[in-house]
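In the two complexes below, chain A is the common chain; its partner is chain B in one and chain C in the other.
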Partner chain A sequence: MEHFLAAFANLLTPVPFLHVLMGTAAGVFVGAVPGLTGGMLIALTLPLTFYMDSTLAMIMLVGMYVGSVAGGLISATLLRMPGTPSSIMTTFDGYPMARDGRPERALGIGIGASFVGGITAGVILALLSPPLSRWATTFGPWEYFTMTLMAVVLIASLSQGSMMKGLLSGVLGMLVAMPGLNPADGQLRLTFGFHTLDAGFKLLPVLLGVFVMSQVIKEAVNILNRPERVTMGQASVFLRLSEWRRHWVNLLRSSVIGTFIGILPGVGSSISSMVCYATAKGTSKNPEVFGTGSEEGIVASEAGNNANVGGALVPLVTMGIPGSPIDAILLGALILHNLQPGPLLFINNPDIVWAMIDSYLLANVLMLIIMLFAVRIIAKVMYIDRVFLLPTIFVFCMVGSYSLGSSFFDAAAVIGFGILGYCLERAKIPLGPFVIGFVLAPILERELRSGLMLSDGSYLPIVTRPLALIFVSVSVALLLYPVITEKWRKRRNAAKQA
Partner chain B sequence: MEQRKNAFEISVGIGLIVLCAAVLFESTNIGPPLYDPLGSAALPQMASVIIIAFSATMVFRALRRGRTLDGMVEPGSSVPSKPWIGLGFVALCISYLGLMATEITGFRTATILFVATSGILLAGFRPKAIAIVTLLALILGIGGRYLFTQVFYLDLP
Partner chain C sequence: MRSDRISRKGMILAGAVAIGLWMGLAVPVQAAFPEKPVKVIVPVKPGGTIDTVARIFQKTIDENKLLPVPMAVVNKPGAAGAVGTRTVKDSEPDGHTIVIFHSGVVTAAASGVTDFDHNHFEIIAKTGEMPMGLGTAKDSSLNTVADLISGAKETPGGAFKYATNIGLPVHFLPLMVADQAGIKFGPVQAGGGVNRLNSVVGGHTKFGVFSVLDFLKYDAAGLQPVVLFAPERHAKLPNVPTAKESGYDVSWVEMRMWLAPKGTPKDRVDILAKALGDAMKAPELLKTFGELGMDATFGDGDSVKADLDDRLKRVKHIVDTVDVQFKK
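So, the complex of A and B:
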């Protein structure tokens, strides 16, 4: 409590407050522009934070994360085009409502739900993180190794599309992290004789390539695609408290579900939003209205996706495991600022962890204010022509990657990973597991190596240590689940036909 | 227009198989374990084998699905996509880096040239857009240099 209050008091001083405000505002604007995502913004901003104070950098990035997820609601409602992938479910009801002449109400409901989802998750984040991090400090290398493995399997199995493609993406990300000098034994590996690969691929060029460049290429290919749009009228986006009364159960349920899905390592806010939407539809008295402009649908989707952001910060700050692909970038930011992510972060740098938690809560309040008062301006800005955006974004990518070590190799890597990311996406291979795999591979290898050294090369501790066994069992269950359900489905269909 | 919907899956799958085969070959040059039982080659080899297996399955499934329609239209869009614009943009990005890497020009000139040409390519020669893009190119080239070196203290080519 003492750290929480101290960090909050510090956040309310002008400089930190301004950083959270700038981050949140930038996030909301970028989140609202179709084709630009929070991941892009945070990856592009990373190099600009090199010379900033670590706390200021982290709180600004957290603000961007919160703002970008919330901002996606505006384009989802007015353009039927989610500004961020997490707002896909909002398009189903937000756009029909807007087309029915109620865009302001749809936006008002979405903004309010985002706020409640965010604050609920913030409270859970603040309460759950300290005990969880204390618990995580008791982990040995085998527990850490199996938990990291579980995170990769989890994100692969829950990513959209086939699980095999999710796993393929995750393992490919891991492989990309392996070239260069192996710190454990000083051997060079997978450099193919190129000395530029001796240090391996740096995190930032990979992030910029996969998150930013691939999206830029995709937008360039679809440059002629202009979405339908609905313009806002003069009605107010403010809703009276009494109007929220009939939504409170849905609000609370979606916020809690969103938070706990976020806590699962590797699961992004798109999944939260879908689960909350499906739950709201399943428990609604009027499920037939969903998809035609249902207020309940917007509430569930927006509360769920914003709550996910807070939930996803839990494994990040307590165990150093990214809760979503954007959290993988935040993990990278911690590393770039010479902070060691993991359970000891809470012990060694409590000021930064609490600043991140408190800035998450503050960013949600600022997001509410910005979106309520500036929604009309944002709605105009989001129509900005991509012709001007795409070259500008690439210039920022180039500057960011080059400035890492004054090397054109890093800048070229951005283009290379951008092309790879674009091709993977076209082949319907999700990019989230790739980034998580890339970030987690060194941790996975380090812990496996430490575990094997402790057990004299034996893999037995995986089954003899209870927690490690649980994590491995969950991973195996996640891998087998789709295979078994598919077999059951086929058997049932065969029985029906017979 | 008809094309193989799964052509990307097949080409990406084959590309990954070739890449991982090269990784497997390269990993034979890694020495044996020195200080720990795992060594440096085990994980890259394991990852490559998994990727090859998954990629082969993906290619096999895509081939089995056979020819399907893919009218060059992205889902949710009524406008055909323009792969050549994407290709042209990537080519300009590579040229932009090449100009600076070979020290033909510095950041300022290269940025002005890149933003102006790529903007014209993306704008499809719309006069109003070209005028704005030219202005943007000058701002990014001249202003960007000042911003990155004087405000953010970043190193530029």
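So, the complex of A and C:
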């Protein structure tokens, strides 16, 4: 508690406050511009923070994360185009409402829901993280190995599209993580004698390639597409508190579901908002309105995706395991700033951890203010011409990746991974699992090899250690679930026909 | 016409004289060293101790004009330092590209990660030392080296585990102790300092190797020093015995050293060494060293080479006799 308050007092001093504000504002704007995503912004900002104070860097990045997920709501509502992938569900009801002449109300509801989702998740984050990190210090290599395994399966099976494609993407990401120095025995592998590969593919070039360059290519290819848009009228985006009364159950439920889905390692905000949307629809009295401009739909989607951000920070700060693809970038940021992620982060760097948690709460408040008061301005400037945007982003990608290790190989890798990412997206293979696979493969390998060194080569601890057994069972169940339900459905269909 | 021709001839002559003079002047100027910024490769990420040390030297040397040219620090991280050190090894041996690193250059060579060791460089100097030692969890019953040895005797065959970062000095030091005690410790890969801390404090392994700075920093996290591999006790940890006091002849003081490509002229190496040595007298540099828990010891190239030769021999002995992992 004293850490919590001390960090908050520090956040309210001018310099840290400005960093959170800057991050949140940039996040909201980038989130709103179609084609620019939060992952892009954070990956591009990362190299700029190399020589910044670590705390300032982290709180700014957290602000960007919060802002970008919330900002996606604006373009989802006015353009039927999610500004960030996590706002897909909002387009289903936000755009119809806007088209029917109620864009202000749709935005107002979305903004309020985002805020409630964010704050709920922030409270859970602050309450849950300290005990969880204490518990996590007792985790050994086997617990980490099986938990990471579960994360990989989870993201593959929950990602958009087919599970096979999710798994494929995750495995591809893992393969990319293979070349270089093998952490477990200190030997080089799969470098084919090229010393530029001694360090393997570094995180930043892969992130910039997959998250940023692939989008640049995609936008450049579709440069002539212009979305339909709805312009905002004069009505207010401010809703009276009494108007929220009929939404509060949905608000709270979506916020809590969103947070806990966020805590599951590896799962991003898009999935959260989908689950919340489906739950709201399933329990609603008017499920038929969903998809045609339902306020409940907007509430569920926006509370869900914003709550996810806070939830996803839980495994990041307590165990060093990314809760979502964007958290993989934050994990990289911690490492770049020489802060070793893991359960001891709370003991060794309490100031940083609490600054991150508090900046998350602060960013949600700032997001609410920025969105409520600047939504009209953002709605105007988000149509910024991509002709000017794309070359600038391209240059930032090149400079950012080169600055990491003064190596042209890294810059070339960005372009390579950009092309790969673009091709994968064209083939409807999701990119989230790719990044998660890339980040988790070294953790998986390291923990497994450590575990085997501890047990002198025996795999038995996977079933003899209770937590490890639970994690593995969940993974297996997740893998088998779609197969079994498919079988049941076939059997039922066969029974019906007979 | 005539006057024209003369003047042209005169101009050619004057030009030739001028060029001759310029060349005459230029030759000694070119021989002066350094003539362009000295690039310091840091083979780790920005922010680590080596990076901090490199940057404080850069700042001190630039501010006090200890070299006529600026120093430029460039990070080339990767493969436990092998990427950056290799770049410098393969650079032009003119003294304008140098690298700062630690004794990992010896262990990486001995364990086969790199195909080069310190003999493939000209050693400029060492600037700063930090003793290493064994640490256990405070809540464990392991308080002395003798406790570790008897523990290993009770659970023989390498079942007594320690947290390590394979291929680096922290991997070999316990094996040296075990070699002398005639017992076996089992290495478990954990990674950098905090990961080893987590493994030891979390009770997954019995002990690990840490630096003096680690011991001071992670006291609150529950880490206790058991023994230091230093010639004498450390001022900041006066109660911790040295390995020699505990009956084991193992010494490994980690150092920050500067290397230039093989074939760099001796006089240039000396100019760089002098600049580094002078920088170590600056109060702001000594202050940073204090914060990093490093002893501000300076050593010239020859003494460092003898030291590294000895370390390479000791690590090779372990690789050949004890640790079978690296045998190909």
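Basically, the second predicted complex is superposed on the first by the 496 of 498 C-alpha atoms of A that agree within 3 Å, B and C clash if a C-alpha of one lies under 4 Å from a C-alpha of the other, contacts with A are read in each partner's own complex, and residues count from 1 in each chain.
As a convention for this text, contacts are C-beta pairs under 8 Å (C-beta built on N, C-alpha and C of every residue); 3 or more make two chains touch, one makes a residue touch a chain.
Fair warning: this is a prediction, and the values are worked out from it, not measured in the lab.
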First (chain B), second (chain C), both or neither touched by A:97: neither
Partner chain(s) touched by A:149 [first = chain B, second = chain C, both, neither]: neither
Partner chain(s) touched by A:187 [first = chain B, second = chain C, both, neither]: both
Partner chain(s) touched by A:342 [first = chain B, second = chain C, both, neither]: second
Chain A residues touched - chain C or chain B, whichever exceeds: B
Touching partner for A:453 - first (chain B), second (chain C), both, neither: both
Which superposed partner A:51 touches (first chain B, second chain C, both, neither): both
Partner chain in contact with A:217 - chain B first, chain C second, else both or neither: first
First, second, both or neither for A:402, with chain B first and chain C second: first
Which superposed partner A:226 touches (first chain B, second chain C, both, neither): first
Touching both chain B and chain C, residues of chain A: 50-51, 184-187, 406, 449, 453, 456
Parts of chain C lying in touch with chain A, wherever the complex brings them together: 45-48, 74-80, 82-83, 86, 108, 111-113, 158-159, 161, 166-168, 171, 186-195, 197-199, 201-205, 217-218, 220-221, 325
Chain B-facing residues of chain A, complex: 47-48, 50-51, 80-81, 164-165, 167-168, 171-172, 174-175, 178, 182, 184-187, 189-190, 192, 216-218, 220-226, 385-388, 390-392, 394-395, 398-399, 402-403, 406, 408, 411-412, 415, 418-419, 422-424, 426-429, 441, 445, 448-449, 452-453, 456-457
Sites on chain B touched by chain A in the complex: 8-9, 11-13, 15-16, 20, 22-23, 26-27, 30-31, 33-41, 43-44, 47-48, 50-51, 54-55, 57-58, 74, 76-77, 79-83, 85-86, 89-90, 93-94, 96-97, 100-101, 107, 111, 114-115, 118-119, 122-124, 129, 132-133, 136-137, 140, 144, 148, 152-157
Residue ranges of chain A touching chain C (in the complex, touch as defined): 50-51, 54, 137-141, 180-181, 183-188, 195, 198-200, 202, 335-338, 340, 342-344, 347-348, 404-407, 446, 449-450, 453-454, 456
